[in-house]
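Beneath this line is the structure, given in structure tokens, with notes to follow.
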Amino acid sequence: MALAMNMNWREDQEVIELIKRIKEPFKMTNRAFKAEDTMVTVDGRSIGNGHFGVIAGPCSVESRSQIVEVAKAIDGFGASFLRGGAFKPRTSPYDFQGLKGEGLTLLKAAKKATGLPIVTEVMAVQTLKDHLDEIDIIQIGARNMQNYDLLKAVGRTNKPVLLKRGMSATIEEFLMAAEYILSEGNDQVILCERGIRTFEKYTRNTLDLSAIPVIKRYSHLPIIIDPSHATGDAKYVESMALAAVAAGADGLMIEVHNNPEHALSDGKQSLTPKAFGEMMVKVEQIVKLMGKQLG
Amino acid sequence: MALAMNMNWREDQEVIELIKRIKEPFKMTNRAFKAEDTMVTVDGRSIGNGHFGVIAGPCSVESRSQIVEVAKAIDGFGASFLRGGAFKPRTSPYDFQGLKGEGLTLLKAAKKATGLPIVTEVMAVQTLKDHLDEIDIIQIGARNMQNYDLLKAVGRTNKPVLLKRGMSATIEEFLMAAEYILSEGNDQVILCERGIRTFEKYTRNTLDLSAIPVIKRYSHLPIIIDPSHATGDAKYVESMALAAVAAGADGLMIEVHNNPEHALSDGKQSLTPKAFGEMMVKVEQIVKLMGKQLG
Amino acid sequence: MALAMNMNWREDQEVIELIKRIKEPFKMTNRAFKAEDTMVTVDGRSIGNGHFGVIAGPCSVESRSQIVEVAKAIDGFGASFLRGGAFKPRTSPYDFQGLKGEGLTLLKAAKKATGLPIVTEVMAVQTLKDHLDEIDIIQIGARNMQNYDLLKAVGRTNKPVLLKRGMSATIEEFLMAAEYILSEGNDQVILCERGIRTFEKYTRNTLDLSAIPVIKRYSHLPIIIDPSHATGDAKYVESMALAAVAAGADGLMIEVHNNPEHALSDGKQSLTPKAFGEMMVKVEQIVKLMGKQLG
Amino acid sequence: MALAMNMNWREDQEVIELIKRIKEPFKMTNRAFKAEDTMVTVDGRSIGNGHFGVIAGPCSVESRSQIVEVAKAIDGFGASFLRGGAFKPRTSPYDFQGLKGEGLTLLKAAKKATGLPIVTEVMAVQTLKDHLDEIDIIQIGARNMQNYDLLKAVGRTNKPVLLKRGMSATIEEFLMAAEYILSEGNDQVILCERGIRTFEKYTRNTLDLSAIPVIKRYSHLPIIIDPSHATGDAKYVESMALAAVAAGADGLMIEVHNNPEHALSDGKQSLTPKAFGEMMVKVEQIVKLMGKQLG
């Protein structure tokens, strides 16, 4: 059963009946609601249902030359989407908060130079109103996974949403957060596991790759992995990226910076374009072994 | 040094210099910034600086008779503030989401009947704009502890803010979230520990009472405890409430329902008015032993 | 029903029938098996059933003057038992492992000087065989909470056992570990909560005081609290000790060192005798308020 | 530098000097102590240094036909070692504790039928004394990771040791536990990650695959993965096994039972021989891609 994007589901009796019969708390995200894998496509580039999409780019957009240079590099190595933070959630109000609107302008320049669609985080409903047209995939960060006001707002847009798992969200809560978006009429949701908070100190977070087969079992939504934020160290990114592909993920989100040592945020976990390229050669081999195709 | 409520701190050179000299990431919340305990006062009822304030009431406002009855009961037993959820954050979009504006109207009726100021959660910036006048203390829930858009918005109001610790927020992140509010000019912040997420299954969360002496050491802000949400079971509430007083907390937040078995949310953890009254007798004894006074 | 200490329970049909009817996994530790609180008594000093026992002393026994001096000080301030590590479990094989047999000799000297019974950790079955007569209460450390070989061995002795909760043991597993001891015929078990491992970095572990009412509900065994190991910082010990009393604990285990800055292990979390004395004045007040008596 | 198996390292001045210069707490397990990968070999079957070893078999040895049948099946599909529990650590003293000595006899029969070396858990020093000759690789379970008495005892044997990570052990503590074994003279240690305890409820534990690159960075010891105990569900085992290979693991430990539904322990997480065979085809493909060879 195909899920109509803009259906008014609350009035659709057949859908309501189906939802009632589903036992798990998640309804429209449930594989019992929609059996086939959901595929999210932007400008001919896809994630899910056999398509393995790689989103890459810097943590923060810092300058025109930085973002354009990185975009060209990752495009050449097989990435399908460009990520870059313009509105940055920071633990401290005194830290760099992103270039905001100007950052989006620079991302558009990079998109123009490469054709790569833009993935960027939005933290406020007002930002969504002001900048929706400039964004290809709206990212909801881990801190806002249960910001229901924001989830409902993106649920009423017609843009794909990349939803990151909360720092200590259970998989059930993660799928329920997606449910908030789908229940408003937007089923173009990509889930992203980015590490959960544990006692371990040698990695920033603990990447929960078992979330991949669990989510594949219960939901039709694509699930991608962010090994950069999860491990917090560029030395561990390739290993976890290859593991994610082998575990059955639908894509990756990788931090790449042309000058990691001088990044305004999260430099330690960023790959250089060269290291990203070397990783992509191996990623592609396992993607093929898994019977999927890049992008 | 008294912190002027509406000072334009960014232009106050003396404050900026002080902040620069503080080594911990939290600045205006820091005891090195303001040595004496902050006291939050509404209608002559106080929390902090020797005043022990008890906030009580139902998880959700359900009806006029429910909220007025509970308010009268807790008022008689020594509570200083009435809590009641009108806008409810729920893991599922299909669960009861609160009576919203109508719930606020009922809370005001209970306030009129008892004089108890109202504490209620706000989840969206728009709600704040629409209902600020009706709320005495704005509660920011655990899920929104790092919703910076909302934190900044309440930081620009002149109402006290009750900030709950995120499910897996470190104490440092908790104080940094308060910092977002203070840095916008509002220093009337009450911190609330409500249990952190651990592996333990016999309690809903693990109440971290050691947060009390840690926060007292680093910050001047008052810290209160919510044993109801933390334990998830009415049987454990009194024990943890008394422990909180003895540990040095500045107040309590307790769920009380006139008919726990039929509550629309969180009935299992709600005290009956009678059990609340019995608990308050013991709370008061330890409050006195600690050299503090109720309310 | 009194539980006969040396009964051959496996052949006691009545006991077997009772155990079969208990639904929780813990059987002989269960309050449904024995309704009244268990009291553990050594040389007229008790823990449990209205008796609040304080165990104090240094992490490691270091010298005769150290242990005798500390023993005299804590005895004067109302402690009932002397703790001191002779066999030390250390994360590194290269760290100080305790004075072993010589440490026990020094503990006996301190006992002779004060009358305080000795609580000390045993890590190996062979140590138990070699030194059982020299120990009054056998401590099983957190790392060995599920060392079943050792649990069964202490279960076959006639000495009281102080069982510490494992670093990340659930309360259910904690009670099941006690069950191993009781099922071998020794019901003189004191449970000790000493903090669980969480993500929080401002305290060494997170003290789970809610374990007190939960254990009181399910089991008849006494439960005491170790705020020194839990918080890892002397500044937080008094606050958590008072909270433990108010929460309903049956006792405390407190690290006291006559020269914390030069302790061979865990100096940062040790109280000076003076600070211990000041704490005990407040502990006693809350003990009385709870309707209990010291020792 | 090759580490001599039986060297008296405490008297070897060169080694002591090297250890002193290593900054991390782990010394002999450290890659700075021994640069090349350690390879553990039994009867011509290897784990580590390019050799990928698969250990498979049932959780508990139950009967001769069971263990011989499973051994033949896994041998045919490319496993190198047979696992089977004879001495079972169980949370409850009333649960099946294994066939003990008889279980070892059955394991030897299965070894005779297939040539597969035996991996089995030992929980007590006495068991080690009684049965050392019958065991090819001694398994130390998660509950005993910090049972230093047992670690030292296996450190004084000449048998390889499979050391499982404790339920909530940090990687640093895990390597320090291995250090206890190496410091006694036995450097034939295989590390095994088997899931850490977190809040997630959809899997039994959270498999920490990032431990692989972290351990590879700091230590020369081989690291293998146990996805069966980690996930607790046969449905997720293949996905996590393939991920482990791609992440750079040196081997796998997989539960296989000829009749999972009737297993005496852990049936839910056991693969059938058929499912194991299908998994091994994919495992071998990724093993080759990683430039390694099976066994």
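The letters A, B, C and D name the chains in turn, as written, and every chain counts its residues from 1.
Quick note on the criterion: a residue touches a chain if its C-beta (ideal position, glycine included) is under 8 Å from a C-beta of that chain, and two chains touch if they have at least 3 such contacts.
Fair warning: this is a prediction, and the values are worked out from it, not measured in the lab.
**Student:** Which other chains touch chain C while also touching chain D?
**Tutor:** Chains in contact with chain C as well as chain D: A, B.
**Student:** Looking only at C-beta pairs that count as contacts, which pair of chains has more of them, A-D or B-D?
**Tutor:** When the contacts at A-D and B-D are counted, A-D has more.
**Student:** Distance-wise, how many Å sit between the C-alpha centres of chain A and chain B, to the nearest whole number?
**Tutor:** Whole-Å distance between the two chain centres: 34.
**Student:** Could you put a whole-Å number on the gap between the CA centroids of chain A and chain D?
**Tutor:** Going by mean C-alpha positions, chain A sits 35 Å from chain D.
**Student:** Please report how many Å separate the Cα centroid of chain B from that of chain D, as a whole number.
**Tutor:** For chain B versus chain D, the centre distance works out to 49 Å.
**Student:** Which chain A residues touch at least two other chains?
**Tutor:** Where chain A meets two or more other chains at a single residue, that happens at 168, 172, 197-199.
**Student:** Contact residues on chain D for chain C in the complex?
**Tutor:** 25, 27, 89-94, 123-126, 143-144, 146-150, 167-168, 172-173, 176, 179-180, 183, 197
**Student:** Sort out for me which residues of chain A touch chain D in the complex.
**Tutor:** Going through chain A, the ones touching chain D are 168, 170-172, 196, 198-203, 206-210, 212-214, 216-217, 230-231, 235-236, 239-240, 242-248, 285-286, 289.
**Student:** Would you tell me which residues of chain B are touching chain D in their complex?
**Tutor:** Residues in contact with chain D: 168, 197-199.
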